[in-house]
């Protein structure tokens, strides 16, 4: 056999196949490709082909450091990739959950391109190696335990009878950290499905179930007894209960179970039909959604019957390392949101300015405005790329992210023509209006809780930039649209790209001012910026020239709350379009 | 001999389509793109746990076999056809109906939420395109007064069906794209929405077969469009096989261009346009062809 | 002789798939097993040189059985069959009905006068031609009646579904 390439002698045919494998370096990127673009890296230009499922990937590319929850999810991704597989680390140390990287490169485009070429060499050489080590993601290991149906506190590793009531114990599966995933098993409405369709792990990829049976005997720790049949589920009351109907629903002829009786207590769709439901987990590393966003859709057919959406679990104090010196505060704050670091830096500087520890001057105002508008362009481009991928416009996905990376790499040169061209092509895309109009419309009520482009799309223009005298001089007008749907949000962001581009060009090249920090004359200070996602504001408390307390109001926190009502009863694709169109940044949520 | 020529045409077609598809999708022209796909053979075949083994294993094989059978009744030149059935056009239909079965089996058998949604989505898509594949073929067969594909090409000697019954082509072309799950009507694979969709759980040799099956399917569909509407091998000066190749490549390029520039349609739109626009047009086409045949 | 062997084999395959329909509790397996059975019957038609009928049978069943599968998945409890629910009911009645239906079908086969066998099977294109004339002639009324009743049933079903929503 030439397939299933592990621990095999590299014969001629096998060498040939590995050479072919190395032609295309199919990569799954964690946390996400957008973060690489934010650091000026264009992964596709460097020679990687990005894929949307770990099953089709050969290379795991780590482009930014992973917080613990994402590191665990990345380990699952790695475990799901079929071997042979490689890890490419781009200028970041790998978390302990992952095996060591096969190749580490610096986060620079030229170095990355060389690294990818080197990776190709590794792939040619290493597809069939004699040293093959197994990798088991900890939370994927399932164990079989035996428990009593009547006394759930009785749990043991061996089959037997219950010491309390003498019933036979039934097997159940637990995963490595079962506590976190208990809801997968305990969900009342899910019992009916007999465990058919839900995953166990903390997958960014639903359904593909945690531990796979590999055809080859690789001696891994993944195969355990008790996989077959999910007996654990049968024991639940669900089915017992249905048999109970027989008694009083008897239609003669030997206990005919009426469908009406059986589905009586099941949740209903709006059309009044009771249908099977199942869960589809999206995130935290689902390509196309912002990394770190946990979205679980409970689907009723392909309509979203219910959803859980969450992000972030870091405390801002830990993230910023409070108390923080005044002169470092802005830099530390910029690390909060990886999708808009420059906007947060400006926010931090303005807060310090407000405290009086930093003198206001014209050059600083102009510089920070310019930085902010550049950030807006880059952020909208990255959003556009994500949106393009989701809509099935791969050219948009590729070109927008590549433009964003070029823009980050070389902030001096504005790619004016490419940007205008890109915006024009998106506007001319046929059927785009029909695809997006009416999708994820925010009601008046919800709209008042939104901010930024999401709000302006509905015609409610609240933009803190309109009060800025500097921008007023430049003739700034806030973009707006008349429909609070996905198309409106796209239209507003496209307009904003062009408007920001105009502002940046009019402001011209402004050298970064020297920052001289004095001592503050206020105990508390606050600042507001219009970040790419909406109005972000911060309040800081200062004690003895140190920032001791920070409270942050980030636009994505508000938008996260809008997402759930907005996707109710939408088709899966429309639900995803809605969520992506809201442009959530998981990094600024839950702080 | 016919078998050999058909096989060569099929392989060449699959190669060209793979190159074109990679070009249209990634904006990069790579001669080696189809070869690179074979690298998947080096990957480990993973079987999702709790998968339905029978469905999971047979789906890629069905997806490969079915378009091969369909291709067997399509003439490339007057003499080159694997088997010239008297019911060729119907047989092609019958074979292609099993693409649906293969994808539903793959989706259900994979034991994954995304794959399952993707498989059933294709069924929804089928409800849209199903009639639009059959009805234009009926009108084409009416003109040829035969279900034999060779006869259908001969019937177009005076005038291609594309001109004789343009309404038929108008609905048949998108319907074949839906049948071959090509963008923008690629709901069952939907990159970006369902993480690989029906093929998302396949790796290694099975994935290779799945992709190969899809390529062969596209060749078969493009050849079918050529045979039914573009006069198959007919054309001046150049040899017959050259005309077939040119037309098939043109059809494929047209389909891929639509996929590149049009965003993915929504399930709802596919169904609405199929039934509210497609079916009336297809019926009008049958009526039109009937009237012309009786009156002229 | 070859024809007899082929038709026996396909017949057994059809029976085998038919049995599978009842042996599995997964709705999708059950529906697709029925499809397998129908395809085997289509192949029997082909073996009997009824090309058009065979191909038609194979074509029509693909879509129909798959659509049936999704309806079964939507409305049945435990569509995957993993909960090991007992899907059978009214067993005694079903057995009796099955036996009666089998006897009736067998009696039909044996008692009906099928007419003379033709010496030579007409060519496939002649078959298509003859079938067309049959459909437009003697059987026209039957087919039109069947078509109209299906249409009425579809409209009625839609109307019922809409009414329930109010």
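To keep things simple, chains are lettered A, B and C as they appear, and every chain counts its residues starting from 1.
We adopt the following convention: a contact is a pair of C-beta atoms (placed from the backbone, for glycine too) under 8 Å apart; a residue touches a chain by one contact, two chains touch by 3 or more.
Since we're looking at a predicted model, the values are computed, not measured.
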Quiz item: Which one of the chains is farthest from chain C, going by Cα centres?
Solution: A
Quiz item: Which interface, named by its two chains, has the most contact pairs?
Solution: A-B
Exercise. Report the inter-chain centroid distance for chain B and chain C in whole angstrom, where each centroid is the mean of the CA atoms.
Key: 27
Quiz item: Roughly how far is chain A from chain B, going centre to centre by Cα mean, in whole Å?
Solution: 35
Quiz item: Rounded to the nearest whole Å, what is the centre-to-centre distance of chain A and chain C, using the mean of the C-alpha atoms as each centre?
Solution: 48
Quiz item: Among the residues of chain B, which ones contact at least 2 other chains?
Solution: 50, 120
Quiz item: When you check chain A against every other chain, which residues touch at least two of them?
Solution: 196-197, 230, 301
Quiz item: What are the residue numbers in chain C that touch two or more other chains?
Solution: 73, 82
Practice problem: Spell out the part of chain B that touches chain A in their complex, as residue ranges. | Solution: 25-27, 32-33, 35-50, 110-117, 120-121, 183-184, 186-187, 190-196, 200-205, 207, 259-269
Quiz item: What residues of chain C sit close enough to touch chain B in their complex?
Solution: 26, 28-29, 32, 35, 51-52, 55-56, 58-59, 62-63, 65-67, 69-70, 73, 82, 123-125, 127-128
Quiz item: Quick one: in the complex, what on chain B touches chain C?
Solution: 50, 52, 54-55, 85-87, 90-91, 93-94, 97-98, 100-101, 104-105, 108, 120, 123, 126-127, 130, 146-148
Quiz item: Of all residues in chain A, which touch chain B in the complex?
Solution: 2-6, 14, 17-18, 20-24, 44, 49, 51-53, 55-56, 58, 82-84, 127, 196-199, 205-216, 227, 230, 278-281, 286-288, 299, 301-302, 389-395, 398-399, 429-432, 434-435, 571-574, 576
